[in-house]
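Should a chain be cited, it is by its letter among A, B, C and D, assigned in written order, with residues numbered from 1 in that chain.
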Amino acid sequence: MNAKGSIAIAITLVALIAAPLLYTAAGNGLFTKPPAPQLAKAVNATECVEPAGWMRANHMNLLTHQRDLIVREGERGRKYRIEGCATCHTKRAEFCDRCHSYAGAKPECFDCHYLP
Amino acid sequence: MSGLSPLSLVYAVLSYAVTAVFFGGLLHKLWGYAVTPNPLNIATTPAPATRGGVIVSNIVNIATFSSLFKGNRWTWIGGYAFHVILLAVFARHLRLFLHPVPPLLVLIQPVALLGALLLPLPLIYLLARRKAVDRYAWISSPADYFVLVLLLLIGLSGLGLKFVSHSDMVGIKQFLLGLVMASPVDMPPHPAFIIHFTLVLMLAAYFPFSKLMHAGGVFFSPTRTMVDDPRERRHVNPWAAK
Amino acid sequence: MAKADFELPNIENGVRVPAIKPGAMAHVKYHPASEAHLSKTGFPANRVDNWKEVALAKMNELMGKYKSLQLFLDVCVKCGACADKCHYFLGTGDPNNMPVARQELMRKVYRKNFTVGGALFGGLARAEDLTEEVLQEWMTYFHQCSQCRRCSVFCPFGIDTAEISMAAREIMDSIGAGQKYTLEIIAKVHDTGNNLGIPKNALIGTLEFLEEDVKEATGVDVKFPLDQKGAEVMLIVPSADFFSSPHVDSLVGYAKVFHAAGISYTFSSHASEFANFGMFIGSYDNTKKIATRIADAGRDLGVKRIVVGECGHAYRVAYSFWNTLAGPFDFLDKNYPVPTHICEFTEELIRRNALTLDKSANDEFTVTYHDSCNVARGSRMGTEPGGQFEIPRNILKAVCNKYVEMDPESNREKTFCCGGGGGLLSDELLEVRVKGAAPKAAALKEVMDNQGVNTMAMICAICKAQFTKVLPYYDIPMEAVAGVHQLVSNAIQLGGK
Amino acid sequence: MATIQIAGKNIEVDEDGYLVNLEDWSEEVANSLAASEQVEMSPNHWEVVNFLREYYQEYKIAPMIRILTKEIGKKLGKDKGNTKYLYELYPGGPAKQACKIAGLPKPTGCV
């Protein structure tokens, strides 16, 4: 292999590895605050069922864990219900979807439940 | 960087330092591989007699580890499984660095998650292999175990983050984007994430100075990348040429 | 049968991967080169005082000059795919004869002196300084590598231990700690034009003897011309062909082929050697000097083609390096490859029906073919990849009725070296040579026992010398060793008589 | 360089036990070298040694094995003019062992 070809390969390799970083930096600009999801304000209540910080990390536990108990094992009367969430967070597109599309994670709730 | 918590400040500085070491080291090494001449044609034959043939044979080897397959099926199974899974795990993590997230990355998440779940298996297998066969035990140094253990810990801490001790993914992504955009924000002070992130920084800093450079070196191996045409085309030695 | 004063590997039913026996071959030392031979080949006559600094400086220089060395020292992941591929490991069980461990002998010095990790965490990184003890390991184990390249076939990154052992030997030579066998020979070829040191008058006498001998046997005036200006072809053979048996029988074969084809040819007294030991010690300058001598001879004699004889590492140098080292060969006829292997030459004549062959002349032989390592993995014949495997076989099938293949796992691309290549064909290394021959001896034994093979044909002077010496240790008679053109010689009909 | 003692004389030999100086050779030296190689010198052994020495005087190199066998065949009868017989005389190989006893330097190369 000649030197030019080798150098081209070296540059390509480094560029490939750096590509995601360059994509983000170029697309969002440098020295500007990183984008964050903008969530619709909750209605009907000022506090969630658990502290907001805990909910950010663990809300899926409530949802999936209780799903398993309720739907698969028929245990009724748990503390939280997804309908309960919807009483405050009324618009899925302006609440759930904002974070989920930000993080590239697909929620499973709406495979069954319909939320406007 | 003003207004950052002390912890975030430390990690922001560390992250930039490691990134510099990683890319600096990588460039330095790859540059060395690229510009150091091949004074003689040392293709291991039988080899393709055309440049196109060499490119194809290298793509096949890199994509399938065909020469390792020829060498040892048991090592190939573990090594190949590990590398494919690693690729899936990389793909899975890209969503934390890209904004907005390309739809394809969302689609592959389930497959990639399966990869992440399996990651410890080939690593444990590869570790056991080094202990179980006398030849491999003889050639294995602390450095060889270190890399495997480090990768295993990264995998396990990652799984812990996913399944045991959740953390605020939106906060993590914001932190990572902040780093990439040269505008650091606070890191979620979540222990599982801090452990996972620290181990990854260690791996990245270690990478260019270790055998992990095989990942770049494989593209430059003279016995594999030279065309078997010395009689047809005069290969000129750059340092001996007048 | 030859008796060994060491334990022989068991070759019944193939050679199994042995358990490791650390230090099993540590006692084997080469004879040191003399002052005269070191000086003649461009190296310090004695071990230099600051040898460690000189060695490390040389290592640094070589890493900057050879991509192979720099890359191979870096990228090995110690997967162990090569570990059981070396014939010397299979024959000795010494773990330092695993290619990866052999490389480690240099890599540990590399880590200590040229990497951050090695400098910081010496022991954990298995980094070591170039101490006298390490140098002794280099002397021992880099002379238990025949540079056969078998390991490079199985390595995920194509790491070729030959490149590392060549560099190690160049480093040792550059501090005045070279090996007698190779350096004495290189000194001789610079002086006399051949490895044996045959002077011109002896060469004339030998060739005249052969003319008479062939005339007596066949009644035909087959010529063995020397320094014949204006001949069509210059024929370069290993000088062992002028001295040893069975080598000479192939030499007679080449001469008969030229005679039958009616193509004029000549040997050269200036370049009466095909083997190029410069490669064994990784010395670019010596390799180039030997190659240039041949190009000069061809130019002086005004030939149109250069044809080369049966010699393995030499063919690799000629095929892969000549064009770089001594080219361009623009004084030759462009219609023929430079060099042309005698097997390419003969096979082409056979395909054109230009030779009259009587296969039955070889009916007493059931023949198999041994792929010599450097022909197999360092060269090509013909235009297609793998021609180096097919062309000699095509010849054998054209001159013998009974031809049998050995296990392809021990032959072709995966061929086991004879155990004597790369500068190891020296008596003080006999134990290494005998044990290293075990895998090939096992493959041969299998076809001898099961398919009645009694002859193994080959195209390498080292293979011939090595096998005639070591096969008797495994109860295989030295008469089993033959050159391909020796069998051609038997079958070729010259008319006359 | 090592030396060996033969009949009270110090004689220089190389690492493989070959004489460094051809002039040091005598029948006594030859017998001593043969003994170290476990070769018992018979008249036929001497024929080989003598021919090697004659040839060397003229050409400064040992003869091709084929030349040696032919010569021995002429002298000792056709049935002995072959490599097999030479190996019977010199099991270590006619090129190397016989050369050593004849005081010739060791042949080098792919031999």
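Brief remarks follow.
Rule of thumb we're sticking to: a residue touches a chain if its C-beta (ideal position, glycine included) is under 8 Å from a C-beta of that chain, and two chains touch if they have at least 3 such contacts.
On a predicted model such as this, the values are computed, not experimentally measured, just so you know.
The chains touching chain A as well as chain D do not exist; no chain touches both. Located most centrally within the structure is C, per distance between chain CA means and the overall CA mean. With centres defined by CA atoms alone, the chain at the far end from chain D is A.
The geometric centre of chain B is 39 Å away from that of chain C, both derived from CA atoms. Centroids built from CA atoms put chain D at 63 Å from chain B.
Separating the CA-averaged centres of chain C and chain D is a span of 27 Å.
The set of chain B residues touching two or more other chains comprises 33, 37-38, 220, 222.
Across the assembly, chain D contributes no residue that touches 2 or more other chains.
If each chain is drawn as a node and touching chains are joined, the picture is a simple open line. By the contact rule set out at the top, the touching chain pairs are A-B, B-C, C-D.
By the touch criterion stated above, chain B contacts chain C in their complex at residues 29, 32-33, 36-49, 61, 65, 67-68, 70-72, 75, 79, 133-136, 138-144, 146, 206, 209-211, 213-214, 217-218, 220-224, 228, 230-232, 234-237, 239-240.
Across the interface of their complex, chain B is touched by residues 1, 3, 6-7, 9-10, 13-14, 17-18, 20-21, 23-25, 27-37, 53, 56-58, 60-61, 99, 101-106 of chain A. Within the complex, the chain C residues that touch chain B are 17, 19-20, 22, 63-68, 70-71, 74-85, 95, 98, 100-101, 104, 115-117, 123-126, 149, 152-160, 163, 284, 288, 319-321, 323-325, 327-328, 337-339, 376-380, 383-386, 388-389, 413.
In the complex of the two chains, the chain B residues touching chain A come out as 23, 26-27, 30-31, 33-35, 37-38, 94-101, 105-106, 109, 166-171, 173-174, 177-178, 180-183, 185, 190, 216, 219-220, 222, 225-226, 238. Remark: chain C residues 2, 31, 180-181, 184-185, 188, 194-199, 201-202, 205-206, 209-210, 213, 238-240, 242-245, 247-248, 273, 275, 311, 425, 427-428, 461-462, 464-465, 469, 478 touch chain D in the complex.
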